[in-house]
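First chain A sits with chain B, and in the next complex the same chain sits with chain C.
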Partner chain A sequence: MSNLIPRLSDLLFRHCGFSVPQGFAESYVKLHDSDWYRAQDHWERVVVRVLNSTAVPESADDEQAMRIAVTAAATGLHNSPLRTRCSLCVSEGRPS
Partner chain B sequence: MTDDFARVYRELLATAYPEAEPGWLDEHTAHTLTEVDRAVALMADRDEARRTIVAAVREALGRLRSHGLSPDEPTARIEAGGVRLTAEARPEGARFAVTLTVAAEHVERLAGLWLTARATGARTARLRVRHLGVFTERGVVAFPSLPAGRWTFDVVAHSWPAGRGEVFPMPSAETATAAADTGSLAVLAPNGVLLVLHNLADGTPILEVTAALDAPRLVPIRYQDETGIPHEILVPLVPSGPAPASSRTALPAFAPDLPWQVDGVKDLAALSTTDPHLIEHSIAAASGTSALAAWQALLPLLPPTPANLLQASLTRHTPLFFRPARAGALPAHAGIERRSPAPRAGRGGARGRYGRKTPGSRTGGSRCGSGRGTDQALRHDRAPPYPRCGAARARRARLAVPWRRQSFVGKARVRLVGGVVQRVVTTLARVKKRTPSMPCAWVSPNREDFQPPKA
Partner chain C sequence: MSTPPPDAGTGVDLPPPRPERPHEALRRRWRSIARYRGLRHWLLTRGSVVAVLYTGLFVGNGFAIGWRHAYDVSVGITSPAATSAPVVAWFLSVAGWLLAPGIAGAVAGYALSHAITSRRSVPFEEIFPPDADE
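Entry: the complex of A and B
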């Protein structure tokens, strides 16, 4: 199941199998007003965009590609100004 | 590497901060890309280190298999690939507690790696259960209750990103391996849930979930089909009596060679926040199996909202002729007692002390009275209720229809449909016409003959 986009509820745990910044899942869900479904939706859309970018080398197999995409997406969302404002919420007209 | 990704990230940043200036966007994009590159490189280093140590552990386990670990040889020390593996077994009653300890550099990278242990040998059971165990950060994995035999250990494939403690990755149920062994795959999770995959050889796997519980629980199963689409199914477990609770359910589109996993048991309160499609999918998969009876037994235990949802799904997927596989699977609220077969007293059927028919013999099927009542109606794995007298038997033989095909056998009052002792009524809101409409002349369907009006 590691070639699937992980759930934010799974990323809460230390040994979740993915390398994400500590506290990423909690802060991302809180950024979405603790709406887990909306946060998961936006998280998956961001991961898909990263998967389709050059951040993931073409030589990577499915599991490796997902691990790289999850790490890149979580780091990009957590260690940047996107930590306090979700671009997808803004595009949907929701204040965040 | 970062050109296209930089554009993606800059677009996200510009959407979130439309008022930002281009210089601010460029600065933060460059800074974040540096952070991402560092995180990905660190992850790659960890992955490589972990791959190395896992390969060494695989080699050590292979040598341990050759060396042998059994009650006669309870300890073993293996060195391979820079790791030192120590195996110790000590008796715990009739079973054995086996502990594997790995000593190596960066042994903490083994944390979350799952192993299976199973006992082989002439004295072991026919259905060999694989016991799951997981490495701790200290490189220790414990199997607290292994049966006697020659113990072998394997690394669970796809357990690389082993999840949290309440997610158990299952070993691949490859058809060839399982069919060559017993045709089934049995795995005992650390939380005491036994999972047995049947019918692996013919491609229609049936999953049997068994656990000793004190209250009804749900066991989530996650797997993928051949195209990689994830599936999830909830398996209900309803304890009844001293025997462990058990449910059987189908796994539609299950791919034996792809990873699957089992989550920890969930309380019924989880149904209130569960996706309705997941409940629908689970009940559809349970159709025709004993899991359907467990779903029905959950109905009176749920709050109104999930109960209504469950009731609607059960109405859609409960077959008209449904009987639980065994009486033990019935809930206590049904008011059905399991009776032993009533004694038979000659041609008149079963009679009690004073010559009256016993309750178990009050069947409406045959005047021959085969002692078939509530109990027989619930156990369809017994002998078919053919009449024992000549005329009725001949009539049945002329019909030449197996009794299992009968749409209704037994009493309507004892049938469990939707948790209530009533007949099931299915309302079809929209149906499709079997034959298309054709143009036709406007003619009254009931043309009345010309008659003079009555005076």
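Entry: the complex of A and C
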């Protein structure tokens, strides 16, 4: 398993070792008008925010940190009001 | 890193993703640095910026006052006032006192902390495998 932030396409079409809610990647890309590039950009920025948050234990090594952050970010995006709108799209002035 | 096009039978109602472009891969790698903790993260983010600034200052001085003088000024052997371009040499001298020890200290600190924290890293099962007595 790579320790990099996973691509949404890998989360959707591959078993890349990360645990995310069923249907997350597909609905997140659709939330971005099926624009893979913009969805990936926003996904990476959300994961970085989670990596810099207290959701990741201080003692976690790089592999654990990425695994925890990806799961937390995907779960947070999928099970919150952000499911119907992307805050990064809103901040960029895009009605989402 | 490239992603194959989705199978026809996946049932996903999306256009196929295109392969990751080099700048996208680089950006993803850069953002993934956030997974590191402590000194390693500092070295790869702020530390690398400091190192680039110091290298730029050293190279600039190398062209201005000569490489040997640049080295002497950076490690405090020669006074910057004794060079042909004292203004830029003073910047290198101050950076040699402040920045270089910071970077070197961070590298040494990282190496030491890595050695300390990974001291007991061998799994117990590796020493006494379950089927060793069979």
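As a working rule, the second predicted complex is superposed on the first by the 93 of 96 C-alpha atoms of A that agree within 3 Å, B and C clash if a C-alpha of one lies under 4 Å from a C-alpha of the other, contacts with A are read in each partner's own complex, and residues count from 1 in each chain.
FYI, a residue touches a chain if its C-beta (ideal position, glycine included) is under 8 Å from a C-beta of that chain, and two chains touch if they have at least 3 such contacts.
Just so it is clear, the structure is predicted and the values come from calculations on it, not from any experiment.
Once the two complexes are laid over each other on the shared chain, residue contacts for A:Leu4 go to chain B and to chain C alike. When the two complexes are overlaid on their common chain A, residue A:Val29 makes contact with chain C while staying clear of chain B.
Shared-chain residue A:Arg94: touches no atom of chain B or chain C. After overlaying the two complexes on the shared chain, residue contacts for A:Glu44 are found with chain C alone; chain B is out of touch. Once the two complexes are overlaid on the shared chain, A:Ala65 sits against chain C while remaining clear of chain B.
In the superposition on chain A, contact of A:Phe13 is made with both chain B and chain C.
Once the two complexes are overlaid on chain A, the chain A residues touched by chain B in the first and by chain C in the second are 3-4, 10, 12-13, 63. Of all the residues in chain B, the ones that touch chain A in their complex are 1-5, 7-9, 11-13, 15-18, 28, 31-32, 35-36, 39-40, 42-43, 46-47, 111-112, 158, 160-165, 167, 169, 222, 224, 228, 230, 259-261. Put simply, chain C touches chain A in their complex at residues 1, 3-4, 6-7, 10, 12-15, 17-18, 20, 24, 27-29, 31-32, 34-37. Across the complex, chain A meets chain C through its residues 3-5, 7-10, 12-14, 26, 29-30, 34, 36-37, 40, 44-45, 47-48, 51-52, 58, 60-63, 65-66, 69. The touching residues of chain A, counted against chain B in their complex, run 1-4, 10, 12-13, 15-19, 21, 46, 49-50, 53-55, 57, 63-64, 67-68, 71-72, 75-76, 79-82, 85-88, 90-91.
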